[in-house]
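Following are the structures in question.
Across the two complexes that follow, chain A remains constant while its partner is chain B and subsequently chain C.
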Partner chain A sequence: MIEIGIEIEYLPYIITVLLIASIYAIFSLGLNLEWGFTGLVNFGHVAFLAIGAYTTVLLNLSGVPLILSVIAGVALAGLCGGLLGIPTLKLREDYLAIVTIGFAEIIRFFLLNEEWLTRGPMGVHVSSRPFEELIPGDYNFFLFPFVLGVLVICYLLLEKLVKSPWGRVLKSIREDEDVPASLGKNVFSYKIQALVLGSMIAGFAGSLLAFYLQYINPRNFMPIETFYAWIAVVLGGSGNNRGTILGAFILWAFFSGTRFAQGYLPFSPTQMGALRILFIGLLLILIMMFKPEGLLGKKEELTLTK
Partner chain B sequence: MPMLSVHNVEKSFGGIKALDGCSLEIRKGAIVGIIGPNGAGKTTLFRIISGFEKPDSGTIVFNGEDIGGAASFEIARKGLIRTFQIPKALTKLTVEENLLLAPQFQYGERIWNVWLRPKDVKRQEAENIKKAHALLEFLGLLHLKHEYAGALSGGQKKLLEIARALMVDPKMLLLDEPFAGVNPTLALRILEWLKELRDRDNENDGITIMVIEHDMPKLMQLSDYIYVLNKGKVIASGAPEEVRANERVVEAYLGGA
Partner chain C sequence: MNFANFAHGDFLALGAYLTFVFSAILGVHFIPASAIAVVITAFIAVCCDYAIWKPMREKSAGSLTLIIISIGLALFLRNLIIFLWGPDIKRYDLPVKRGIELGSVVITQNQIFVIMVAVICMFLVHYLLKRTTIGKAMRALSDNIDLAKASGIDVDRVIRYTWAIGMALAAVGGILYGLITNINPNMGWFMLLPMFAAVILGGIGSPYGAMVGGVVIGLAQELSTAILPTEYKQAVAFFILIVVLFIRPRGILGS
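This part shows the complex of A and B:
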């Protein structure tokens, strides 16, 4: 009886961990489309998460219906992705990396400083969440299956795409863009499409993150969030959607597992935070050494070599 | 009207004039060879015709349209397809996928069609697979269709690249050293095959081919006409026998030994 009692006690926590992991899995799927399948180095993926979250919350707060606010967030994230791609994607590949990381910081500082719009460091409270009034008890028990559903739909739509002729063009760009160009494919347009779609997915993840957090502020959108997505993608296997989802779940299981272990280890929370990052670094090094294609990736499709 | 006409094209890289007023004409249905010593500007000429490089000056007209300065993918869409000197097989795609990439304007290359018209996408894909298999069978690569192209030998990659170019149904092919690294028997088969493509009954179907090649006997056998490049200029042209007899050519290229 006592054991069951403990399980029930832990259930909300487990649900919460799975919920966050699912949101990050969606976020990472967007990056996997850009890097894993197209070879675009986006170091500012978090910008689109922030744009999706803030647009949804601020519009809803000003009276726009929730569903329209989410759509606007997704659309604005996609639009920004496209606008960012136009000047950079015609240049060498590293330009995108530099510009995106700069863009993400610009967005964060914008959120921090334009208080008339974003309330700056104070952050904003989420005014309503989907079906909130209909859900009795712990809202996360509804939000988790909802987010999981979104994740499954994103996964299925993306799988359909990457296995289509469209996905084949992306993979050819990833390896050597001269080939698709010599065969009549508009490489630039495909890169923009991948970046816009990846950004829209991140924007959607942002809306969902806001629903989970209930209160968002610029600190939720630090550059490290981008690299969590990178870890998920690289860990699971670049260019493998299932791998990316697995990577995101492993990452968050690890984060929460170490939080659990906190009580049994002789470290302060600050030390523990640093150790956590250290362990992730170690894990990445080991992956690079022994399984560079990631857990579910194919060796023959290893994207890190050129 | 010629299929391709290049007029007075110039291109410099830093202080080096890779092309120095290069002009040539290729009539429809011809197989034209380009020879010349290393550094004569052959590959640069290919890169410029195929839009991978912009000419400094001069005009290029393909099938009645000015293509000078157009993007490479736009030129490819008009039916002018090139291959690369060092074969660019996509090693992380399978042999079959390499070929399936080539056909133009596939339904499945648009996101909405993939999601909303899966049947049309599938039907077209099935047609393309059929065509790809026929090509692979001819080249003796069919048993490798599900292998990653990275596993192929250098010669096989070369074949794969020509097959991929042909999947497009091009009006004209630019082949950069198609026989380099291919075993002689297979090279002869490709040679025959290229001639066959050109000679197809229907006049409109016959393909025009421009080929850079160092293997002189094969080139002589294949070409109707040969242009000789040296230092970015055409120094001689004519039927293979004429070119072989030309003293300037012997001096610049064939001779020296």
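This part shows the complex of A and C:
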């Protein structure tokens, strides 16, 4: 009987961890399309998460129906992704990394400073969530299967896309963009499409994150969020959607594990936070050096030497 | 090496923190403390070359892989700083000296010192690249690495020197920045975008372009505070960067 009691006590916690992991898995799938399949280095992925979340919440607050608010958030994230691609994707491949990392910081400063729109550091409360009035009890018990369903749909659609001729062009761009170019493919246009779609997925993850958090503020969208997605993609295997989902779940298992470990280590919460990110940085270096194909990626398919 | 090193800003912060440790905690005089910090930063950069960049060169890894490794290194260094010395703002704890009045403008002695050191560094870089063997080898390498190899240049040695000098300069930049404002773990992060904007504006691979670019971006950021909130300094650098990418992606002095 005691064991069952503990299980019931832990269940909401486990559901919450799985829920967050699923949202980050969706977020990371967007990055995997950009980096894993197309070879685009986006260091500002969190910007699109923020755009999706804030657009959804702010539009819904001002009376726009929830579903339209979500669509607007997704569309705006995609639009911003495309706009960032235009000046960068025809140039050196590292320009996109520089421009996106800067864009994400500017979005965060915008959210912090334009209080008339975003209430700045105060943040905004989510006014309504999908089917909220129909759900009795703990809303997360509904939200988790809902998000999991979205994750599965995203996964299936992406798998279909990357196995289509369109997806094969993306992979050939990743390996050597001169080859598809010589076959008459408009490489720039394909890259923009991948970036727009990846950003839209991140925007949608942002809406879901807002539904989970119920209250969003600029601190939810720190630069490190981008690198959570990076570690999920790279750990699981760049260019492997299942690997990305696995990576996201491993990451959140690690986070909740370290939360329990905190009681046994002589470090302050700040130090633990720093250690966690320090470890993520180290892991990123080690994977890229010694196992660039990640856990599930195919070594023979992924060269990444260009 | 020819890739965007996202850890550059964090080496800058490391230089400033090492100076802080030697001067404010261990009580070494500021100038020798800075010198020790610069040497240690350069030493760490050379260690990174042995541990990371050299093996990656031998695998002929692409620049995208190197960029991702460099951001991993950036996260590692920044959080090592937070872990060791905390997330709060620090100062060198130097005695406050009287400023010098020039008409209505007051210039502190620190600011004069910073400008002097910056000018000296620029001349040293110029001398190094134009007059010394290692500087000439660096230029040869950036022109054509295969040709440089064929003419007997020890590529690994030149790249080690490049890392050491580049990161020593970053450390000097961090120390000076800390002298006129303060030091914090995110100082490198906030200077990353302006630094990239400066390098791209000047033209990648052109040291003189970087100097001009740095002055232009710095001035634009400071002047913008007259009409924009100071929080948007980054946005100014970003805006200039986007305009440069559209109009002249090679930069002002780029070839």
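Just so it is clear, the second predicted complex is superposed on the first by the 288 of 306 C-alpha atoms of A that agree within 3 Å, B and C clash if a C-alpha of one lies under 4 Å from a C-alpha of the other, contacts with A are read in each partner's own complex, and residues count from 1 in each chain.
Just so it is clear, a contact is a pair of C-beta atoms (placed from the backbone, for glycine too) under 8 Å apart; a residue touches a chain by one contact, two chains touch by 3 or more.
The structure displayed is predicted, hence computed values, not measured ones.
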| item | value |
| --- | --- |
| Combined model on chain A where chain B meets chain C, clash or fit | fit |
| Touching partner for A:277 - first (chain B), second (chain C), both, neither | second |
| Which of chain B and chain C A:88 touches, first, second, both or neither | second |
| Touching partner for A:193 - first (chain B), second (chain C), both, neither | first |
| Spatial angle chain C-chain A-chain B, Cα centroids [nearest 10 degrees] | 80 |
| Touched partner set for A:181, first chain B, second chain C, both or neither | first |
| Partner touching more residues of chain A, whether chain B or chain C | C |
| Touched partner set for A:212, first chain B, second chain C, both or neither | neither |
| Partner chain in contact with A:161 - chain B first, chain C second, else both or neither | first |
| Which superposed partner A:169 touches (first chain B, second chain C, both, neither) | first |
| Chain B versus chain C - smallest C-alpha distance in the overlay, whole Å | 9 |
| Contact set on chain A toward chain C in their complex | 39, 41, 43, 87-88, 91-95, 97-99, 101-103, 105-106, 109, 112-113, 223-224, 227, 230, 234, 270-271, 273-275, 277-278, 280-285, 288-289, 292, 304-306 |
| Interfacial residue positions of chain C with respect to chain A in the complex | 3-4, 6, 52, 55-56, 59-65, 67-69, 71-80, 82-83, 86-87, 189, 192-193, 196, 200, 204, 229, 231-232, 234-235, 237-238, 241-242, 245-246, 249 |
| Chain A-touching residues of chain B, taken from the complex the two chains share | 50, 52, 71-74, 76-77, 81-84, 88, 90-93, 97, 100-102, 104, 106-111, 114-115, 118, 121, 125, 148, 150, 164-165, 168 |
| Contacting residues of chain A [partner chain B, same complex] | 157, 160-161, 164-166, 168-169, 171-172, 174-176, 178-187, 193, 197, 300-303 |
